[in-house]
Amino acid sequence: MSQTVVLGVIGSDAHVVGITILEQAFSAAGFDVVNLGVQTSQEEFAEAAVAHDAGAVLVSSLYGHARQDCQGFHDVLESAEIDAVTYIGGNLAVGQDDFERTRETFRELGFDRVFDSETDPEEAIAALRRDLQIRPTETERVTVSS
Amino acid sequence: MSQTVVLGVIGSDAHVVGITILEQAFSAAGFDVVNLGVQTSQEEFAEAAVAHDAGAVLVSSLYGHARQDCQGFHDVLESAEIDAVTYIGGNLAVGQDDFERTRETFRELGFDRVFDSETDPEEAIAALRRDLQIRPTETERVTVSS
Amino acid sequence: MIRDERLRSDELRRIDREIRADWSTGAAVEFEEAIAFHDSLPASKRFADVLESADVPLLQPRAGVPRLDDQIDLLESLRTDGGADLLPTTIDSYTRDNEYEKAAEGLEAARETGEDTLNGFPAVNHGVSGCRELIESIDAPIEVRHGTPDARLLAAITFAGGFQSFEGGPISYNIPYTKRHGLAETIENWQFVDRLAGAYTERGVRINREPFGPLTGTLVPPSIAIAIMLIEGLLAATQGVRSITLGYGQVGNVVQDVAALNALQKLGEEYLPDEVVVTTVFHEWMGGFPPDEARASGVIGLGGMTAAIARPDKVITKSPQEFQGVPTREANAAGLRTTRQVIDMAIEQEIDIDGIDEERALIERESRCLMDAVFDRGDGDIVRGTIRAFDDGALDVPFAPSDSAKGAVLPARDDDGRVRIFEWADLEMDGEIKEIHGARLSRRADTEGRDQSFRMVADDVDAISEGKLIGRPEPRGDV
Amino acid sequence: MIRDERLRSDELRRIDREIRADWSTGAAVEFEEAIAFHDSLPASKRFADVLESADVPLLQPRAGVPRLDDQIDLLESLRTDGGADLLPTTIDSYTRDNEYEKAAEGLEAARETGEDTLNGFPAVNHGVSGCRELIESIDAPIEVRHGTPDARLLAAITFAGGFQSFEGGPISYNIPYTKRHGLAETIENWQFVDRLAGAYTERGVRINREPFGPLTGTLVPPSIAIAIMLIEGLLAATQGVRSITLGYGQVGNVVQDVAALNALQKLGEEYLPDEVVVTTVFHEWMGGFPPDEARASGVIGLGGMTAAIARPDKVITKSPQEFQGVPTREANAAGLRTTRQVIDMAIEQEIDIDGIDEERALIERESRCLMDAVFDRGDGDIVRGTIRAFDDGALDVPFAPSDSAKGAVLPARDDDGRVRIFEWADLEMDGEIKEIHGARLSRRADTEGRDQSFRMVADDVDAISEGKLIGRPEPRGDV
């Protein structure tokens, strides 16, 4: 399966730091990364996934409006015939006391995996490797101390 | 009238900084100062005033119990036949929102003048010069810029 | 193609007419009458004079609420309870996007409900008379702070409304704030703003202009910030601005911060024309804050200490509630007073720290490299050079959301906590400097027993909010 | 006359018997059983080991309430919410005056009303078992802090109760705290306390002893504080104490504070016997605080910064509610976290400030002058020398309420904010040093356009609480 990952911050959200760090982490882990940057629409995600034959679409949201921004997202992907793995991560609800409930909400919206903002990039990378059945490459340059 | 000033902190109060500064200020202004220090009883004030033929007795209190500590003080002075001017200053009541009322209380106890803790030593010195009819001496070494 | 040339008078008038038609309150702007209003203001409200004549750093908070009377109350309390020397008026997000209709609705809702339905003061909607009521009510100079790529109408109204200082610039209010505004577009917009400030200046009303130094607020290497400050200062000077305050955001390493502020002042005076009065502003830490007021006060304390040593002309303070977003006025005033106490206790002390001159020399050398790259690409024209340098990544800002910058350069702290460049991408920098940064980062990697990697960047971004300066890996269990 | 000699075993036992009869709880003290209790404690509660092996400054607050369960709650919250590394148990005033009956009444009232009717923890009344319950409940080392001139029974009970650190000394808990206790009397009392600590030490339970460095807390010149620390350290060492923490209270000038802490560590190691492990403790500003939590946080921030540069072994923190007296536990924890944030952000930075070595050399020279005066007066016996030096004013403490010190020496800040001596009185100091101080104070007088006078002293005493370091005169209206 394709090792190309499409990354972006959905909606009107302009938080760029996290996505920049994710881009670096996935690149260093050997993935081909297409970073759409901040303020990316559902359609832009879909177009990029088609254009690059993406194996995974990674959505970031940090400003608390993720649920609204992701309504119908998987319909858009489906109508573009995209069968990429989809992840979402970040501050997904305002005041996320109960992350399990938040996770359930986004699983129901169609995401394969849901991460909170404390997740290390390594965790998402390890998950994606499993989901795409990829083994760590020899070009792997990231040293993880744990 | 005698230029000797007896100074002390009354009661169980151990605040020494203010009295040390007063001692310096009155000495620099040309007075002879007898500093009884902290934790001075009414009787010790009276004894010192008699022994040194004091022109003034200056009482300091900063721990909020001045009214109790000064009850009957002027009777003690009177029975020792002391006619010195008496001043009191410091934090004379706990929460002194209305200093005028505090002043009235201590005037009724017999003090000639009552000062709050914000009073500059110069103000007390000027008052004492008036009360003892003393003019600034040539040995005056304090420069006051206002 | 747009060039670094003074906007012609007829162009100034034409654009002025056009943009004033964008919203009803534009009609009330009248230049001659505005000059008369400024002339009527007392010396205590002349921003440039107050700032330039101060002999200790002046303190200024951030603050903006939708309703005029609330804004007056807020600023008055920051002046009296907080002891602010200079005051701000922060503009709401709709106005920043030129959505005056939405701002009007928000203001209406605020008036009806009494709640702050906008995140700032919609100065365009309040219009000239509303601004003047604010200026007249507060006995201190007030600056307009915003983040607006196209701030032409905002400038026209607030200048006429009596404000004498205006934050922002074509790069600093574009690259960190918005995704899709082209640099050529924002430079053109800001040429108008600066030319308008220049027109006031020529009539004796010296409007102070303040490029926004912290940029993306996240580990911006000093030389990148300084180069952008110099460019925006030069652009403003071309349009006739004569009072320019160059900005810099604290990175948290005292030596580097003091060195950067020194370099900023020195290079500002060197690069900008002699007729410009250059001052500097130091922003207390703009990155993530600890989610705890006590720890946040510690971050603010370090900022105050740095300001006492570097002695910038102005300090923009943070509040202990920074983590949770907009602070209460009490917390805002508390941030001012914590900063004031530290500065006033430390500023009379002689605190000369070793290594500041070396660090300053390094920052200056880097800044000159970047400025040369810009000048070279513009064949002497700084506008063209700036556009081309951002286009090919020779000039870049880390974590920039804008499509106008590559955003490919990445910073990381060295073993002493100074911000170095870990990923240069296409940033134009001489090889020796790259080696210096590489060696410093390598020393940190040795200390931490790990390879240099983006993990350091990620760890550093979170470090201060987690209570440290440098994002070290957690010690292993067996250590 | 009393001499600096180790208390004989029979004397130790005799006094121990006597003082344990002073209050009913004394009967439960049994040395061998106490050693067994200490031996049962985990490494994390061994005060000396934890302190001496730390590689960054450990933080410790002040805290004491009357009831045992409340004290456990309070310490646990300071450990978890405040992140304290070391904990205190501050003793109430009645116990300090050996008024155990009144302390018992206060404790009873506290138990009945649930209010804090005592200003600390009456450890004698709680007895050995109460102390042990506290020690067992808290997973950190705990120190006894008090201010007791005759702390013999307190020491006997708290040592047996499992405390492994004990503040105070014959000078530092006499001169600043009480008017009428003679020095010979308090030295004799503390010889017992130190000998008892020595007896535990010889059995492998190294009781840490900490002379109280800040003394009167008001502009104490560093060399005076250091000389008294060295004397109390020597006295403790004679009695067999092997873990001694010398204290110093912040004066607010960073260079002088760092220099003083360096000098304290160096002279401590030089003057004290090799078998003693010398550590240092830095007290955040002990003088008057601003009546404002925000400004108080600034004072605390400067303390944290100083600690990050000087790297003492321990820091005793203040709270933002310092002005109003005893802080809430939340404010106490806040002071810890503000300090922690500043230290953790600054401690990895290389901050070498010019002039620290010169200032340290001056402080060392002054301290040696004072120590020589003491040794000379005692013909080699430091106890006799100390008593005589205080008696004739060769050694003196400013603002001392005690009749045992002249209290005639007066400090004032110089133009840089360092504490110098304005009035030497009979303090024994070589002429060249006096000239240096005089010249520094004269420079300040010139700056301020006024004569050197006690007014400077008075202004300096109030300065920090009024928001400045140096008590400058108000600028005249016409300036």
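Remarks
Each chain gets a letter, A, B, C and D, in the order it is written, and its residues are counted from 1.
Following the convention adopted for this analysis, contacts are C-beta pairs under 8 Å (C-beta built on N, C-alpha and C of every residue); 3 or more make two chains touch, one makes a residue touch a chain.
On a predicted model such as this, the values are computed, not experimentally measured, just so you know.
Mean C-alpha position of chain A lies 77 Å from that of chain B.
Taking each chain's centre as the average of its CA atoms, chain C and chain D sit 45 Å apart. Rounded to a whole number, the gap between the C-alpha centres of chain A and chain C is 32 angstrom.
Residues of chain B in contact with at least two other chains: none.
Among the residues of chain C, none is in touch with two or more other chains. Chain contacts here run in a simple line, from one end chain through to the other with no loop closing. Checking each pair of chains for touch leaves A-C, B-D, C-D.
The touching residues of chain A, counted against chain C in their complex, run 14, 16-17, 20-21, 24-25, 28, 37-39, 121, 141-146. If you check the complex, the residues on chain C that touch chain A are 177-180, 216, 218, 398-401, 403, 407, 410, 423, 449-451, 453-455, 457-458, 461, 473-474, 476. Put simply, chain C touches chain D in their complex at residues 252-255, 290, 292-302, 304-305, 320, 333-342, 344-346, 348-355, 415-417, 464, 467-470.
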